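Below you'll find a set of structures to go through.
Paired with chain B in one complex and with chain C in the other, chain A is shared by the two complexes that follow.
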Partner chain A sequence: MNRKLYVARSPRIAARMLGEEMLVMSGQGSTLFTLNPTATILWQAADGATPLDEIVERRICAEFEVKPEDALRDAEALAEDLAKHGILVISEQPIASTPVVPQEQQQR
Partner chain B sequence: MPGLATSVERYSVVIAIGGVPVRVNTIDANFLEMLQDRYAGFVSAEGDAEFDFEVDLAAPAFPDPNADVSVTHRSGRWFMQRGDFHAEWEPATGTGRIRQSANPYSIDAVLRIVHTLVLAKQGGFLLHSASAIRNGKAFLFAGVSGAGKTTISRLAPADATLLTDEISYVRYKSEGYVAFGTPFTGELAKLGENTSAPVAALYLLAQGPENRIDPVAAPDAGRELLANMLFFAEDQEMVHWAFQAACDFVHRVPVYRLTFVPDARVWEMIG
Partner chain C sequence: MSSIMQEMSDRALRLGVPFSVQLDLTYRCNEQCVHCYLDHDDHGEMTTVEIKHLLKEMAEAGVFILTLSGGEIFLRKDFFEILEYARSLTFCIKLKTNAVLIREAQAARLRDLGVESIQISIYSHQPDVHDAITKVPGSLRRSIDAVRFLRAQGLKVVVANVLMTENMQDYHGVRALAEEIDAKYTLDPTITPKMDGDRSILDLNAGESALQRLFRDETLVGNADEFCAPPPAPDEGSMRAIPCSAGHTACYVSPYGEFYPCVQFPLSCGNVRQQRFIDIWRNSEQLKEVRSIRLRDLSSCSQCAHGSTCTRCPGLAFMEGNMRGPSTADCEKSFARTGIPSVNLLAKKGNASTASPAPLVQIQIVPAITGTRLSGAGASASAAAS
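Let's look at the complex of A and B:
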């Protein structure tokens, strides 16, 4: 049986779309990351409730020409990498809340 | 019975940087005189202050004056510490205490930290940059040490008002971003003028074979702005505020790469 993975945005980071790039800053250590297009899609879709395979199927396979099984494998590796940096939270259960929402070119 | 109580003379000076008046209290007249001299031009004649700091002067006996600064937040208080000072500040009461020796560098560091914390929640920041006013508009020149902040300041024409050659003070106001003069000096060792103007542009400095100005895309501008912002607090909320302030700024203010040869002609392109 395939395991389901859920991903959520970490509440410990701040994120903002600047131009075409998603900038993410970790609250711990003030480390700044720039997400690539795939990571940005994953980040934006990481609501804690949608399983990763659904995100891959609906968002990543729709955007890029890639086989679903390859895309899922890459997405799992990417999610684990982002989790190591404290950007995403991964769980085999739905994740209750994701208080940090990326602000895209918001006006003050 | 007489003689049980003795009165201690208490001296105060209000130092207003960026329009934020901070009163510093001491019992040492020589220290007060040093402050008045150090912050000349930023000493407010008005007695009102937003924040009050008591300075306890101690012998310079701290172990490591080159240690990194530590700024932490606990139970509504900020704790600031470096090898040469310890300070506490409670924003809710507007009061704080600094323990340091009688030198200008420690209190200068505390003031920079306090202003950084005050500005962050208001969408402003301190920036490693020179800044100057020309034709009623403020221009910021950011860069790491050696990028040309001192050079661009030294080359400023007579009609430019130097706000700082080292640390710029940027506040967010309803009408936009405003740059203020600061007494925080670099190699020029010249205090900025205590005045302000709306920010017209941020230039990221680079020295090269010709004078040229190139626009900088928002993501690069954001990254470079963050790299040049003064930021001390090991506090998640403050990191968020600083990050959002940088993103807001590059969204609203044009950011350019200013490549220049070190002569006065560069200022023909500015203002």
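Let's look at the complex of A and C:
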């Protein structure tokens, strides 16, 4: 039986798009990360209310040529890694509200 | 600086993004420090609405690191409202404060809001010395209590120890105090002129012999012989390098909305009450001029032996009268460190009618932020830490 996973952005992180990458600083130990475009899509879609499989289907499979089952497996691994670093929160239940997603900034 | 932070800063430079901004929320203060460069009267601070509007513009412009400073930031009754809004825009927030108004409740709220770090000014481990500088009896005890409250919440605290004639002998004590209360420590023997140009407070700067002792203190600088060694000859890379981040990836906004390249560089580039933040950043003629400065274009500094290692501050040079001229304070620093006079100092010696300001130095020994890259592989959503 497939379990539903929900992902939400941690309220303790700082984040900003810089060019094509998302720059994220974890509140835990001031560790700095960069997320590539795929990881950025997952992070931006992590609203705590949309199940991970829907995010994969609607956002990742729609953007990249990848099999849904492969993409979901990779997305779960990515979500767990981001959670381990305090960037995402994972739950089998919907998660309460999270901070505003940083907007696409204006480039010079 | 971590390699990723350096890489991001370099990328911000290439993209023309204002990566880091210091926003002073007020110049009002509950301490009256003898060396302060500010006028503490309120000449019309931005309102809560104006500041929120500015923060939204900054987020849209790509600002990542936002330092909130003053004056004393906790004197603004809307401070937590501003901070909460800034965090909703996912800025990385650093605070600068004397912490006198931080008690357990404020510390807990700062933790809940995910503040990255809090820098607190401590001048001495001795109450009579610290309180004489702040002119507030009991201020050292209040500030140290605040550090303990913040550390109890797991927040990162940096003790900033500005050195001057009054407390030059106390930095070992402050450093030990920082270790005892589990805070990081940074030392800054730099007294800058007042923003209105008044240079009288520069008399508080430590003398040359005190600075020489500081530069040879291996607990601060590592190998003193290496630190104080004669500089290598400037190469083509140093001739082309930008002097600092001011105006390139960083800028400063005053409580009145004035936009400067840096808090130490009072060249007005516009006012965010009249123009959009990003328009000033992109189009200000003053900023374009600041961005054009390279060592090779500076008549005396390009000929100087210290060219490759000098920390010449264009803001201090500007306050001396010419942003393309030398910063005598940094010449004095190089001389105190190496014993080799700069071209500028030699010229002044030959023209003894001009008095040189007291020496200024900056030493930072706060450990760098760590960095990790997380990336999805190709079209999949894999993550790999490297």
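Keep in mind that, in the parts below, the second predicted complex is superposed on the first by the 102 of 108 C-alpha atoms of A that agree within 3 Å, B and C clash if a C-alpha of one lies under 4 Å from a C-alpha of the other, contacts with A are read in each partner's own complex, and residues count from 1 in each chain.
Simple rule for what comes next: contacts are C-beta pairs under 8 Å (C-beta built on N, C-alpha and C of every residue); 3 or more make two chains touch, one makes a residue touch a chain.
Because the structure is a prediction, the values reported are computed rather than measured.
In the superposed model, A:A46 lies in contact with neither chain B nor chain C. Touch criterion not met for A:V7: it reaches neither chain B nor chain C.
One of chain B and chain C touches more residues of chain A, and that partner is C.
Judged by the touch definition given at the top, the superposed model places A:L23 against both chain B and chain C.
In the superposed model, A:F64 makes contact with chain C only, not with chain B. In the superposition on chain A, contact of A:T38 is made with chain C only, not with chain B. Shared contact residues on chain A (touching chain B in one structure, chain C in the other): 12, 14, 16, 18-19, 23, 25, 27, 30, 32, 34, 103, 105-106, 108. Residues 12, 14, 16, 18-21, 23, 25-28, 30, 32, 34, 103, 105-106, 108 of chain A are the ones touching chain B in the complex. Contact residues of chain B toward chain A in the complex are 123, 172, 217-219, 221-223, 226, 231, 236-237, 239-240, 242-244, 247-248, 250-251. Residues 11-19, 23, 25, 27, 29-39, 42, 56, 60, 64-66, 70-71, 74-75, 77-78, 81-82, 85, 87, 99-103, 105-108 of chain A are the ones touching chain C in the complex.
The residues of chain C lying in touch with chain A in their complex are 2, 4-5, 8, 11-12, 15-17, 19, 59-64, 87-93, 114, 116-117, 156, 278, 282, 369-377, 379-383, 385.
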